[in-house]
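Below, each structure is written out as structure tokens.
Shared chain: chain A. Partners: chain B in the first complex, chain C in the second.
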Partner chain A sequence: MNSPAIRRAAASGQLTAVVLFLPPALLLFTLFVVLPVGEAAWYSVYNWNGFGRPSNWIGLDNYRYVFETRAFGLALRNNFLIIAVSLAIQLPLAMTLAILLAEKFRGAVALRMLFFLPYVLAEVATGLIFSFVYDGDYGLVAAIWRFFGAEPPHLLASTQTSMLAILIVIVWKYFGFHMMLFIAALQGQDRNLVEAARIDGASRWQALRHVTLPLLYPTIRLSVFFAVVGSLQLFDLVMPLTRGGPADSSQTMVSFLYSHGVMRMRIGYGSAIGVILFLICVTFAATYKRWFMRDD
Partner chain B sequence: MSIFKGSLLAAGAFALSTGVAAAQTTVKWLHLEVNPAQIKIWEEVARDFEAKNPGTKVEMQFLENESYKAKLPTLLQSNDRPHIIYSWAGGVLKAQIEAGVLQDITAQIADIKDTIAPAALAAFTRDGKTYGLPFAQSQVGFIYNKELMAKGGVDGTTIKTWDDLLGAVKKLKAAGVTPLTVGGGDKWPLHFYWTYLAVRQGGKAALEAALAGKDGGFESETYQKAGEYMKQLVDLQPFQNGFLGFKNPQSTGFFGDGKAAMSLVISTVYHQQKALAANKVGIPDDKLGFFDFPTVPGGKGAASDTLGGINGWLITKGAPKAAVDFVKHFVSKDVQSRLAGANFLIPVVKGADAGIGNAFMRNVAQNLARSGYHQNFYDQDLGPSVGRVVNDATAELAGGSMTPKQVAKAVQDAWKQGN
Partner chain C sequence: MTDAAASAPARDLSALYRWLFLLLVAGFVALPLVATLLGGFKSLGELRTNPFGLPTTWEWENYAEIVLSRRYWRMLGNSFAISTMTTFVTLVVASMAAFVFAHLRFFGSRMLLNYFTMGLLFPAATAILPLFIKVRDLGLLDTYFGVVLPQVAFALAMSILLFRRFFRDLPTELLEAALVDGCTYPRFFRFVTLPLSRPILATVGTITFVHSWNAYLMPLVMLNSDSMYPWPLGIMVYQGEFTADWHLILAFITLTILPTFLLFVLAQKHIVAGLTAGAVKG
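This part shows the complex of A and B:
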């Protein structure tokens, strides 16, 4: 420790701030983040069912088992699918709606509320509602199919369509949230800039393309970040809809962890999945911040 | 400081002494039952017990089936664990015993031991030590709707062999009737097919050999055959549309609504199909039939062998003596007869089956009494990690994404990983 720096810090009151404010945050972070992750890493090298203390050391076998499980690959694929759909469909949809609804006109607020409502619903409730909607015998989807005289499909019961059905619910539920992000950003923008561009002869499209959109980049980056993190955390929507089935076709990383680790009392194996998930998250968060959000 | 400490100690001692003076013991009893009619009787049993044992209080706690399984390890290792817990015996019980979270009650139940069916009691006994008491048994078999069967020209009482069943399925399909309903989304209802076929094909010896790792373990001929027979059935597309998305209660309601002719179920579905039917009536007794799982050609298992559950109450470590007394009360002939009389369970206490109220449950009780080999559900017996793989793999076989060979291999691989 070099003393001049400390003296300088003390003089400016920074040291007091550090001494006062750092320990609580550090303590909480250690207790609730560092320790559990460390514990999971420790459990992950044991074959352990959760009773007593782990004693059967098996090295990295749990990791090998995870990589050998077909459900792991499916879960990873599904997480990427969710991200892809978020980027390709949800984000443009949310942004278009935001640009339309950021203007002041009669009904704008009501429409915003309407689009935001799905986000307010609890995930489990949403899942249950859609399990009724998708029901091939009594559901809304079945009724529509029958109206056209077709044999209604059981979307959630087929390995081909289960993930599609979940993706539709995800877009339906979260586009409102992303729309709100964009609306907030648009309303924070200096309107003079667009006006100036218009006076300089830019068309509406050009003003949108060259002024509004570039100003939205930080929000787009944030929205993408939320979409990815949301995909990695997705669990409570999947459980009431399909529980990851049939045949693991709609498993996400977290539902895979739950059904193959917790429900099977394979805590070591589950912890290995947890550690892998943690590494994916950390790698993503670090690189994303470094490459895309460094200016924010 | 020391004065403060002293007064604290005194206060603590006072609290303790008042506790002793009132002799208030609370027995925490964790159950999974969801049927209000049955819970009502259980509550009465608890109040009875409290009346007979002043100063004892029985506190009922409830957890939903799946969350119970997920929470149990944590729950059992906390200081606030329930004293009496629900159990399906088998592999989970084994893990609990090995972890030392259960209490050996052999001495305390010595006086009533002989009143209980030996096979059921044995399920809760390991190395001569008993850790809990059974209170009910069940049998898996086909329930059927006589009206719908008649539509396809099938008589349920004549289905004795696997080929009979396949023939019945074909006839029903030709008549436009859905032959079978199953809660494939929950997976375990599908594992009944594979495991019962294995019971019929190989008998008790096959499972014992597999557990000992002989003949390729679960890749032995018995399990390959079981898969092939199941595939014969699956290839006929016998199940309701979208069966892989149906949860078990949904499928039970589907049967209760009279939309499918047969279903392979646990005998307690007799009640549930009524409660879960849209009209709350379900299939009335005179239209409801039951036949045993058919035999397979050349099978080594006897036709009287049964697959089913054994349910019991376990006593956890550190539980008060009153907890054991309560469980003993629960499996007394009196209480068992009462529950059997209301057709809620097949009792495990000798003589209590005389009280069984109707023909359906009496038939199941007779089957169980005759059974020389009662196989516990595989997904319980093999423990949670292997058991769930059995469920997963058989569901995939039913969905057509796995071959019989792959199913056997998946189970064997899981068995090797876990042991």
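This part shows the complex of A and C:
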């Protein structure tokens, strides 16, 4: 953009473009994303059932009530459990499968697609499929138990096993997505590096450990990020399986917000939960980006 | 020689283990899906005695009854309407905004972009109650737009970033030449940028459509009459009505995930690329 002719031409259309193109996005985003978050903070200091204007100011009492609710503690614990299982089981599984399936052989692509399929299915459908799998009378688990002559368990109906059952579904549904992230990363890698290491006398395992893995670190960090973010918004899967029960044993942050705030139309209390969730998300995203994803 | 002879069986063995492992995982993934599909063809009694195997008699009427019912098509119709509108509005609004951020520098443009980027940091659930109040006060409760507009708003951050990156990578000579010839920015956007942007339109469109098609929380909060329900809500209602009739519920699940499945098989490359690109480049 050097010559004055270009600059003049550019200036003429610029203002129109800005005035025409930006406002729709700005309006929608402000109205339905930014304002509601601000309003959540505002509503959270009132005792309000949603009718009229909020007038019954109660300070930070809603937050105190949230922290005193047993379900909140359980939800927090469950969200940590989900993250732990994602890191300890899902991530290694996804990475192993990616390493096996990044190579070209008959059936590799078909297996990749099969493993990715659960990620595309709706959470609600997945939850319903597994509420059948776990059903104590008709389910697949019950059939296996009966085959061995044991009394079939009702996994979803017990406070001891409900969360375990959900964790298995989470791995089933999401490992394929993480696998695809790793496959994409592996295919972007320079094959020559591994070959060079092999020629220099490194064993298969050594090449994997010292060449392939270090190159995957950025993807591992990304995968961990999605595991945590996914855990913090998990809701759709929980509803068809347990609705957070029995006795709040399988509540997540969002299902807790739904069952204790939205269902009971306690706007102030529910908004307080929303604000807490918001703070957790933003703090996590900011620190994680600063500490772990600086160089990506 | 001896080395090669010793390692050949070892390699066969490791190949065997690899296949065993892959088949085990494949079984873990496929079994619930296959059992669901087949379960829809069984009678309730057979489902209990034979949940894994092929049905002894294929009960086609389970499926037929649902396919011939009004509610099934109404549900899918609602989902299709909501997802199509969400995708269309997102594509139009996000691409226009991204065009400005890609090509124009003005006072506060950087700040405005950061403003949109904030939307990546938290899920819609955090503000679901104020959103409900807002949609109610706008009179949009129980309408398609009550679901569409918030969904678009929450899809904007990611979509704008993806579009902007793509637009910036288009050759700048195009824009300069067009400006010299007296073309305006809006016309350039409409007649040069958009036609060149098919791949990114497909990517963003796929992400938005799949998310909207599968969405549960937003319609759950914003809609309250059965006739407006998209399929994830409709299927929960159906399950509530037929609690223990698992053979019917399984047929219903199969039929509702069928469109997703077909789309996935037909456009798997786009879907995988779209969903992972959105994740990686966001």
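By our rule, the second predicted complex is superposed on the first by the 264 of 296 C-alpha atoms of A that agree within 3 Å, B and C clash if a C-alpha of one lies under 4 Å from a C-alpha of the other, contacts with A are read in each partner's own complex, and residues count from 1 in each chain.
Simple rule for what comes next: a residue touches a chain if its C-beta (ideal position, glycine included) is under 8 Å from a C-beta of that chain, and two chains touch if they have at least 3 such contacts.
Quick caveat, the model's predicted, so the values are computed rather than measured.
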Exercise. For A:L35, is the partner it touches chain B (first), chain C (second), both, or none of the two (neither)?
Worked result: second
Exercise. After superposition on the shared chain, which partner residues are touched by A:G136: those of chain B (first), chain C (second), both, or neither?
Worked result: first
Exercise. With the two structures laid over each other on chain A, which partner does A:L60 touch: chain B (first), chain C (second), both, or neither?
Worked result: neither
Seminar exercise, completed: Between chain B and chain C, the one with more contact residues on chain A is chain C
Exercise. So, A:V262: does it touch chain B (first), chain C (second), both, or neither?
Worked result: both
Exercise. Thinking of the overlay built on chain A, is A:G50 touched by chain B (first), by chain C (second), by both, or by neither?
Worked result: both
Problem set entry | Partner chain(s) touched by A:R243 [first = chain B, second = chain C, both, neither] | first
Exercise. Where does A:H154 make contact in the superposed view: on chain B (first), on chain C (second), on both, or on neither?
Worked result: first
For this session: Tell me which partner A:Q233 touches in the superposition: chain B (first), chain C (second), both or neither.
Result: second
For this session: Please work out whether A:L193 is in contact with chain B alone, chain C alone, both, or neither, and reply first, second, both or neither.
Result: neither
For this session: Determine where on chain A the residues touched by chain B overlap those touched by chain C, and list them.
Result: 50, 137, 258, 262, 267
Problem set entry | chain B-touching residues of chain A, taken from the complex the two chains share | 47, 49-52, 65, 136-137, 153-154, 156-159, 242-243, 245-248, 258-260, 262-267
For this session: Report the residues of chain C in contact with chain A in the complex, numbered from low to high.
Result: 18, 21-22, 25-26, 28-33, 35-36, 39, 44, 47-48, 51-52, 92-94, 96-97, 99-100, 103-104, 106, 112, 115-116, 118-123, 125-134, 149-150, 152-154, 156-157, 160, 176, 179-180, 182-186, 188-189, 210, 213-214, 216-217, 221, 231-232, 235-236, 239, 244, 246, 249-250, 253, 256-257, 260-261, 264, 268, 271-272, 275-276, 279-280
Problem set entry | Touching residues (chain side chain A, partner chain C) in the complex | 1, 5-6, 9-10, 12-14, 16-18, 20-22, 24-26, 28-29, 31-37, 39-40, 43, 50, 93, 96-97, 100-101, 111, 113-125, 128-130, 132-133, 135, 137-140, 143, 172, 176-177, 180-181, 184, 222, 226, 229, 232-233, 235-236, 239-240, 254, 257-258, 261-262, 267, 270-271, 274-275, 277-278, 281-282, 285-286
Problem set entry | chain B to chain A touching residues, read off their complex | 66, 69-70, 73-74, 76-77, 92, 95-96, 98-101, 184-185, 187, 241-246, 383-385, 388, 392, 395-396, 399, 401-402, 417-418
